[in-house]
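In the two complexes below, chain A is the common chain; its partner is chain B in one and chain C in the other.
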Partner chain A sequence: MSELRDFARRTPSWLTRAADQSSIVLSSRVRLARNIRGWTFPHATDADRLCGLRDEVFGAVLRDSPLVSARRLLMEDLEELELGFLRERNMISSDLARFVLGRGLVLAEDESLSLMVNEEDHIRIQALAPGLDPSGCLGRASGLSRALESSLGFAFDQRLGYLTACPTNVGTGMRASALMHLPALVLTGDLQRVLNSLRRLDFTVRGTYGEGSGAMGALFQVSNSATLGQSEDDIVGQLLAHAGKVADCERRAREALITRDRVRLEDRIWRAMGRLTHARLLSTREALDALSDLQLGHALGVLPATEGVDDWDEVNELLLEIQGAHLQISEGRSMEAPERDELRATLIRQRIAGTDEGK
Partner chain B sequence: MDGNCKICGARAVRRFTEIVGGRKRSMPLCQHCADAQETQTSVPKPSAKPPVQVKLHAKLIAQGLPTSTLRCPECGMRVVDLRKTGRLGCAKCYEVFRKQVMPLLKRIHGATEHEGARPMAGVRVDELSQLRVELRRAIEAEDFEQAARLRDRIGAGGANKAAESGEDHE
Partner chain C sequence: MSELRDFARRTPSWLTRAADQSSIVLSSRVRLARNIRGWTFPHATDADRLCGLRDEVFGAVLRDSPLVSARRLLMEDLEELELGFLRERNMISSDLARFVLGRGLVLAEDESLSLMVNEEDHIRIQALAPGLDPSGCLGRASGLSRALESSLGFAFDQRLGYLTACPTNVGTGMRASALMHLPALVLTGDLQRVLNSLRRLDFTVRGTYGEGSGAMGALFQVSNSATLGQSEDDIVGQLLAHAGKVADCERRAREALITRDRVRLEDRIWRAMGRLTHARLLSTREALDALSDLQLGHALGVLPATEGVDDWDEVNELLLEIQGAHLQISEGRSMEAPERDELRATLIRQRIAGTDEGK
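Our next item is the complex of A and B:
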């Protein structure tokens, strides 16, 4: 467990505040799916061969790639809690946490670039960046893909492009997404309309933690659905355009909220502040929702710049730190839910009030 | 309506228009294929919770794939497995089940032609791996002249790689 505690002490580079849009677009991500020529896809491959394949990928990463000095993890060596921790940090999928044998992860120290081995496809490259920067992510992901391609050789069809286990990923094998904070669209009830129009444009919107307007913390992932028939740059261009439009809608909804019913909005935000600075037990949902209100209050100037928080990056950091496996990894032991709720409340009080008040 | 149906070649009766990836596409279709497209591309109901991806595709496949006794010679997968899991077993499956997979790809992506990045130009990747194997053999056999020639050819592939990745990073 000690190995991952280093990661728990750091904020991943993609969650640090970047461009001016970052109060709405938290981070961007590009994922590339690749398979090695001559091998059956992971779900049709036995565990021995999966382990051999993982060795081959790790070998290629070590020979010549941007991840040459990155951390290499064998999933079957990790404890349940460590798998949960990586899952919460979006470094592995729930599938990789569930089927561990022969699966692996290569992870850059700053978490901006990683590679899952033997998930649905042999290789899933993931590049992350703060703010709206899908082209930066694409550059890094394709750099890694090309470095590995020269030594591994990927399954490629002249007509269909890169071949993947699921037909939904064939072609570019690329999924580009933006993690967006959309509290005002949730509050005004306009979210569904925006999401529906995105779906018609072949883009998918999923709650990061939960679905639709019930998504915790009003955090949503906007991503392309089609991977065939469009170039990588086209997909990046569309994500930029669509995420930009969604951000505009969110901005308009924020203005509408503050002009229409300022007092109600202020009440909501100050109540959230009250819960975060005084509650003794906080569930993940309650904490994420209240932190979301706090971010909204800060963005709209309802909360004075210094109120309770010296550094707003710390609120972003809390999004990860208050999650179940994170709390337990940083404490170095497993805890039942009530104990986690207490620890979560204490951690938030200390961080937001900036004092040991009520500890 | 002039021309033939883009899908089955029968006489086209109307133009079918759809929006894929934000772009409008229009093609002549016969009544039968136009009706089929109409039902396939309808927008999901707003209130419907987005279904788990794999389930959706298993469902799509179940609805759309004709039964077949085909079996992939590489991995042994059958159409019934594709229907059950929504996944293909290996790269060869895309050749073996092309007839079944193509309409599915059209429905999922609105396209059946790859437009994105390709393996490095000049030397194809499979040639490159082959060259590496030959290089190893030549070195083991101490045929250094042959090894030098092979290394040059591999190097040429590497140079193309550098040029291409440069473009990609822009």
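Our next item is the complex of A and C:
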């Protein structure tokens, strides 16, 4: 369990506050799906061959790639809690946590770049950046893809593009997404309208934890659905445009909230502060929702600016740290839900106290 | 409206913390119903004669009684808000606030002794004391009754005792009650059992605001139902015994709560503190319920003892001050509900801040 503890103590680079729009777009992500020519897709490959393929990929990473000094993890060596931890950090998918044999992860220390081996495809490259920066992500992901392609050789069709296990990924094999904080759209009830119009544009919106307006912490992933017949730059351009429009809607909803009923909004935000600084037991959902209200209050100037913006970066970091596996990894032992709720409340109280000037 | 504003700024003597049991029994009250010989009961008397009778009673009070220097109020002279204010302070009944013509109130400055004229009976004497002290109340109420009897002459039957408009009050005309704070019995769900056993003993229990376990602030009035065939001292003795037993049940329920699940109880209490110190809008119900949790936390030592017990007396005082008419009387103007909720939250925040060391 100790191997991942230093990750738990660090904030991933993509969660640091970006200068631009970061109170609405927390981070961007580009994922590239790649498969190695001459090998069957993972779901049709036995364990021995999966392990062999993983060796090949790890070897290629070590020979020459931006991940040459990154952490390499064999999924079957990890404990349940470590898998949960990587899952909470969005470094692996739920599939990779479930089917571990022959699966692997290569992970840059700052978590800006990673690579899953033998998930749905042989290789899934993931690049992350703070704020709305899909082209930065694409640059890094493509760099890694090129480095590996020269030594591994990817399945590629002149007409179709990159071949993938699932037809929806054929073409660029690329998904670009933005992690957005949309509390005002949730509160005004305008969220559904915005999501529906995105869907008509072939974009998908998912609650990061939970679906629709019930999503915890008002956190949503906005991403492209189509990969075929479009260039990588097309997709980047669309994400920039669509996420930008959603951010505009959120901004207008925030203005409407504060114009329409400022006291009720302030009440909501200060109550969230009261819960976070006083509760002795906090579930993940309640904590994420209250942290969301706090971030909204900070963005709207309802909560006083405290010494420097550092405190607010710490609030962002809590989004990861308060999750179940994170709490257990940093404590170095497994804990039942009530104990986690208590530890979560204690951690939040310590961290938030400095931002509370409510009384 | 100004005539009552100085009352709004003072704490009534019966709400000051008594040395004994006061965290469970807040105050005691004795009420004596009396009627003047030769006059019909108020419900069968026209306005002119009610006013005449009121003059007689006020005259008798002024001639020689413990209320000689007390405030004398004509109900029909009061504004709606002033009637509500006296109602919230338990100085008049809802009937006296509704049917004002010819009705009156004589009220000691410290509110320990008062007299309603032409409520259901011609005279209703009320004595209040902090803590569990029905015999102290009875002493003062009887003193006033004797002083008035000599000059007014009360309707009295050798066999039945004092005659009253409603047969349930015939005899002593006395009701003795204790205002009890029973949050642990509400939380453990044992309240109903305790209330049922009191009812079998001819005692009544009413939520001070609202009924049963839905009573606001977990505040309950425990009082005798029977008045006939018992002496005043019998009733005092019964109230002492029954309220004492209920207090024991509450004490045991508190111990059970803290033994069974201390963290959950602490969570509840600290959350109440968080709401009271952070909310910008508070309804009467939410405020009373949260103040109840705070008092419980203080009694159980969950909340730290702050400098002196003064702060906690102030918490008690809030029980009156946060009510609607009180807020408006002390502001000197009438306010709609949302504005009251805001003022209530502000008042509580200012008052409670000193007791909050939660973070």
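By definition in this document, the second predicted complex is superposed on the first by the 349 of 359 C-alpha atoms of A that agree within 3 Å, B and C clash if a C-alpha of one lies under 4 Å from a C-alpha of the other, contacts with A are read in each partner's own complex, and residues count from 1 in each chain.
By definition in this document, a contact is a pair of C-beta atoms (placed from the backbone, for glycine too) under 8 Å apart; a residue touches a chain by one contact, two chains touch by 3 or more.
All values derive from a computational prediction rather than experimental measurement.
**Student:** Could you tell me if A:T204 is touching chain B, chain C, both of them or neither one (first, second, both, neither)?
**Tutor:** So A:T204 only meets chain B here.
**Student:** Per the contact definition in the header, classify A:F58: touching chain B only (first), chain C only (second), both, or neither.
**Tutor:** In the superposition, A:F58 touches no partner, neither chain B nor chain C.
**Student:** Counting residues of chain A in contact, which comes out ahead: chain B or chain C?
**Tutor:** With both complexes superposed on chain A, more residues of chain A are touched by B.
**Student:** According to the stated criteria, A:F99 is in contact with first (chain B), second (chain C), both, or neither; which is it?
**Tutor:** Touch status of A:F99: no partner.
**Student:** Which of the residues in chain A end up touching chain B in this complex?
**Tutor:** Touching chain B from chain A are residues 35, 37, 39-41, 43-44, 120, 138-139, 142-143, 145-146, 149-150, 153-163, 165-168, 170-172, 174, 192, 195-196, 199-202, 204, 206, 211-212, 224-232, 234-235, 238, 241-242.
**Student:** Give the list of chain B residues in touch with chain A in this complex.
**Tutor:** Going through chain B, the ones touching chain A are 19-22, 43-44, 46, 49-50, 53-54, 57, 74-75, 77, 85-91, 94, 101, 104-105, 108-120, 125-126, 128-129, 157-158, 161, 164-165, 168-170.
**Student:** Spell out the residues on chain C that touch chain A in their complex, using ranges where they run on.
**Tutor:** 263-264, 266-267, 270-271, 273-275, 277-281, 338, 342, 345, 349, 353, 356, 358-359
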